[in-house]
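Same chain, two partners: subunit A is paired with subunit B first, then with subunit C.
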Partner chain A sequence: MTRVVPARPMNRVLPARLMNRTLPCVVGAVLIALPFVYHAPYPLHLMIVVLIWSFAYTSWSVMGRFGLVSLGHGGFMGVGAYGTALLWNYFHLTPWLGVPASMAVAVVLALIVGYPCSRFRITGHYFALVTLALSAIVLQVATASRDITGGSLGYTPERVQGVAGVLAFQFSDKMTWYFVALGVWAVGLLIRWRVDHSMMAYALEAIAEDEDAAGAAGVNVTAEKLKVTALSAAMTAFAGAMYCQYQMFISPDTVSGISVSLQMVFAAVVGGIYVLPGPTVGAIITILLAEGLRIFFGTGALGWDNLVYGTLLVVFIIFLPQGLVGAAWNKLTGGRQAA
Partner chain B sequence: MFDIYLLEAAINGVLLGGVLALLALGLNLVFGVIDVVWICYAELIMMGMYGMFYLVSVFHVPFLIAAVLSIALVAMLGVLLHLLVIAPLLNAAPINQLLATGGVLAFLQALATVMFGIDFRNLGIRMPVIEVSDMYISYARLLAFGTALAGMVGVYLFLSRTYTGTAIRAIAQDRQIMPLMGVDSRRIYLITSAIGGGLAGLAACLLVLQYDVHPFIGLTFGPITFMICVLGGLGNMIGGFVAAFVFAEIISIGGLYMDLEWGYVFAFVFFIVMMFIRPRGLLARNP
Partner chain C sequence: MLEVSGLIKRFGGFPAVSNVSFRVGQGEILGLIGPNGSGKSTIFNLLSGTLTPTAGSIRFLGHEIGGLPPYRIINQGIGRTFQIPRPFKRLTIFENVALAGYYGQGQPSRSKAFEAAERALSMVGLPTDRRSEIGGLGAAGLKKLELAKALATQPKLLLADESLGGLDETEMDQAADMLRRIRAELGITIIWVEHIMGVLMRVVDRVMVLDHGELIAEGLPTDVVGDPRVIEVYLGSDAGAVQAAAAERQ
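Then we have the complex of A and B:
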């Protein structure tokens, strides 16, 4: 498939190439080298958490950037986390198979909700509210079936030690986890990059502009939307499974429900949903902010982090809807749409 | 076979439906007129419930006066929400408006956590339970149902009988033309926001009799309110009214056979199924 490269004025080519080619290599090298130089447990833990959530936010933005603002991703994340943990505890199915199975369930759910939405032109706030029902369902089911999932008290996958840990996708070593999370995050960015530069992106951008016109121009609106929805749901379920395997504890409120869905949207919007590193930057900002406030205020910090980022979200949407990275990118490239 | 428990659940469902219909009405009104969804609607209710709690339990204000003050408080919050968040975004993409009110949701939840703590609080008013031939019907629910209906009739009369009400309905029908007809749309938006907030406040006064208030109570009512509005057709007030009772019956009767939470699950599943059958709302014509 050939990629259409828009003509750019000469003086803009250089920074763009720098951003697209050199920067990822430098950042990648630094991130790989980092834990060998500096590996205190707490910063390493923070970085792992940031990487996992960055992957989740990136997964959301894969469809979110095309105007498909879903509030159902908390549901997909919950399915990924609970699916993997339940299959492991009850059927001793290794997460190597359990994760794909949970992802498949998430995709099926995504299609069940996505199909009527794309078929009947449910878009914009309608779409957000319908998908919100999905995350509410997953939250309620996880809470209500407390005999199986432990309800709101949470759930823990059974631990194994030693070599069997590989089979159980459990690593006691934070270094291992760091590289796993780093790899997953990088793959997440790669997937998003591929989607952004595919024919699908052109179709979806056209759909976001005007569905009727896109349909008339020969775009299969339903199919294109469902493809990107399924992809995004599968990635998010994977993020849920990662979270579960790393934290070894999940509860309905931390992996599903509206709060998680909104949290994904917040972080992605603050960073910028139209640029590749946006959701990652959003994750760094929100998680460091929450941790910083927690350390600063101690246990009195309950609520302060949300107070700050609720305000931030409102301020960003009003004054900087393209997000931090998006705004910076526009400055650098003179308002051109980001790659 | 006649089942007394089923009848009891059905009656409780009707009573719950009244309150849900009131919740949906405020949201529908705001959506119909201003074309924004207040995702933080249930959090406004939560603030109203805290208002009631502090006025009644801490400052010992008589219940009715406290109710009036709480309604005024939430109406003011509605106006503030419009002025600070919605007005700057009126011409932005609809989804940005929704996300901004999502930010307000997080803000209000956090504000309540910081200000009031995460303890569950209640008024400590025990309402009597009425016993009719082996069925138990809570007086609080009956009162809520009656007040909700009265509130809805009030809004209906206001919209249909007054000049301002007519202007509000006209704006909802055509946003572009009405300013040319001499209607000050900014003023109408403010009035609508105040009424929307006031209805949330009224709901708060009724809910505080039945539920403990805590910073996350909004998450209990929020999703269900949005689903009722979508099921009835966003902005369609009669649709929302019907949908509220359908939902309440499913929750109540579903909760009879299994846990109450499963009642909610059934209602949500019903909602998604209905999206296939009637994507534009219960009362809308099929596309």
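Then we have the complex of A and C:
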């Protein structure tokens, strides 16, 4: 018995040690030091938003990379955001408890959708379509329950000041938020790394290829799928809660619905779903794109980002399915696809 | 070890398996033969949990296993290979087998699963390193991989489904020897479904013949090949060769 470290393809390539040990340390150090050197409000705000969305996209990719392409994650994000805010405003339940509660609701929803999908072998395109309904339902509920959620006008958690802010998970200081978001993002990457390097990853790869053969190898196909789905949904709900607490304003369109789901798929695919930093790079690109359009074209370009996303998604799926980071990785390591 | 009684499987109105009963003793190699569509693979799918029986009972080591999901049947000690090899192409050879070693044994420690994988791979004669890819395997190699996956689950009973299809003479003999060694060295009981009857007859202790979902003959290979009903089923095709093989065995 040599090393008991599982060999995912990413680890087998030559500069693996450099890429897996040194690079994360350097990047981490730079990110921690950055706000002390440079903390203009707008760039800092952008960084926080990028980190939160990176976490959301990474959460999606935890299951998405195994061929479980969900378009329901906008729904989970919405549940996390609205759940936390509603529990706070109506029941004065601190987000420290409200967030886990909302995550639990998202997990229950994920299981309600995931279990029948697994039992009746709904996979691939059909899985995407079934989950799409979940996004649409959460969006509809948030929009239609106007008296409770404020409908399409959006919703704001009640603000508190000072020390009580800690209890309310509200921080007025952007520096604080930066480090919260950085921590959340890092934990997200860690979770995905752990999943990718677990025996469960083998099982999910096997399931993606051939469910019967996976079953014959002893894999409880339904259990493995539901585990990763629940994990991914819980993480995404957490991302929604973070977004809500940071922005202090949510609307059905920004945290739920099909466009948010599509945005997750787009960002993850563009960055590369098989590589750990892929969804993060995807977040940087999508957010800079959205901000760029907003700055240069103003409100006239409202919704253009979705048009550009859609077009780029098609282009990427056809010509660069491994994504930008995946392609760069292959170049660096001599063509071995990190999948 | 295995006791099947009154096993029935219907697809719609079509009886794929009608009232089949048999027993398999500890340490036996049982051959299961029959023409295409006679229900051999259906029986395997019922035994391994891929299909649920319409009626009847399957008892393994004293427990009823009919209708249990595949992973639970594997954890009780029944491993299977598929007629057409079904490797996981995105995983390496080692990962394929390690996966079976881990989940097939009810998720023990990773090191235990890896050890089982290494043992299974060296048993069938495949490389035990971590990097070898599926792509380099030919038909014989894929069959070996299929067998290694089944062995890594540490079965007490192995269901080997037409494991020699697509192999040449030498490879066939090697594969037949392999099944003998698996029983001799690992003490695994085997049910072997096979089209190529010559090889099968040389290895098995006992043979069952299926036709149209019914058991039409059962017994020692030498006796079964003389059975008029078996000759009728295989008339003109394999009968001569089978008799020759059975005679050679004596």
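List of remarks:
Please note the rule applied: the second predicted complex is superposed on the first by the 321 of 339 C-alpha atoms of A that agree within 3 Å, B and C clash if a C-alpha of one lies under 4 Å from a C-alpha of the other, contacts with A are read in each partner's own complex, and residues count from 1 in each chain.
Just so we're on the same page, a residue touches a chain if its C-beta (ideal position, glycine included) is under 8 Å from a C-beta of that chain, and two chains touch if they have at least 3 such contacts.
Computed from a predicted structure; not experimentally measured.
In the superposed model, more residues of subunit A are touched by B than by the other of subunit B and subunit C. Of the two partner chains placed by the overlay, only subunit B lies in contact with A:266; subunit C stays clear of it. Applying the stated contact rule after C-alpha superposition, one finds that A:309 touches subunit B and leaves subunit C untouched. Touch criterion met: A:215 reaches subunit C, while subunit B stays clear of it. Of the two partner chains, neither subunit B nor subunit C is touched by A:152. Contacts of A:257 after superposition: subunit B is touched, whereas subunit C is not reached.
Looking at the shared chain after the overlay, A:22 reaches neither subunit B nor subunit C.
Of the two partner chains placed by the overlay, neither subunit B nor subunit C lies in contact with A:172. In the superposed model, A:137 lies in contact with subunit B only, and not with subunit C. In the superposition on chain A, the residues of subunit A contacted by subunit B and by subunit C do not overlap at all. If you check the complex, the residues on subunit A that touch subunit C are 1, 4, 6-7, 12, 199, 202-203, 205-206, 208-210, 212-221, 339. Listed in rising order, the residues of subunit A touching subunit B in the complex are 67, 69, 112-113, 115-117, 120-122, 124-126, 128-130, 132-134, 136-137, 140-141, 143-144, 257-259, 262, 265-266, 269, 302-307, 309-314, 317-318, 321. Listing the residues of subunit C that touch subunit A in their complex gives 48-50, 69-71, 74-75, 80, 82, 86-92, 94-95, 98-100, 102-107, 110-111, 113-115, 130-131, 149, 153. Against subunit A, the residues of subunit B that register as touching in their complex are 37, 84-85, 88-89, 92-100, 102-114, 118, 215, 219, 222-224, 226-227, 229-230, 234, 259, 261-262, 264-265, 268-269, 271-272, 275-276, 279-280, 287.
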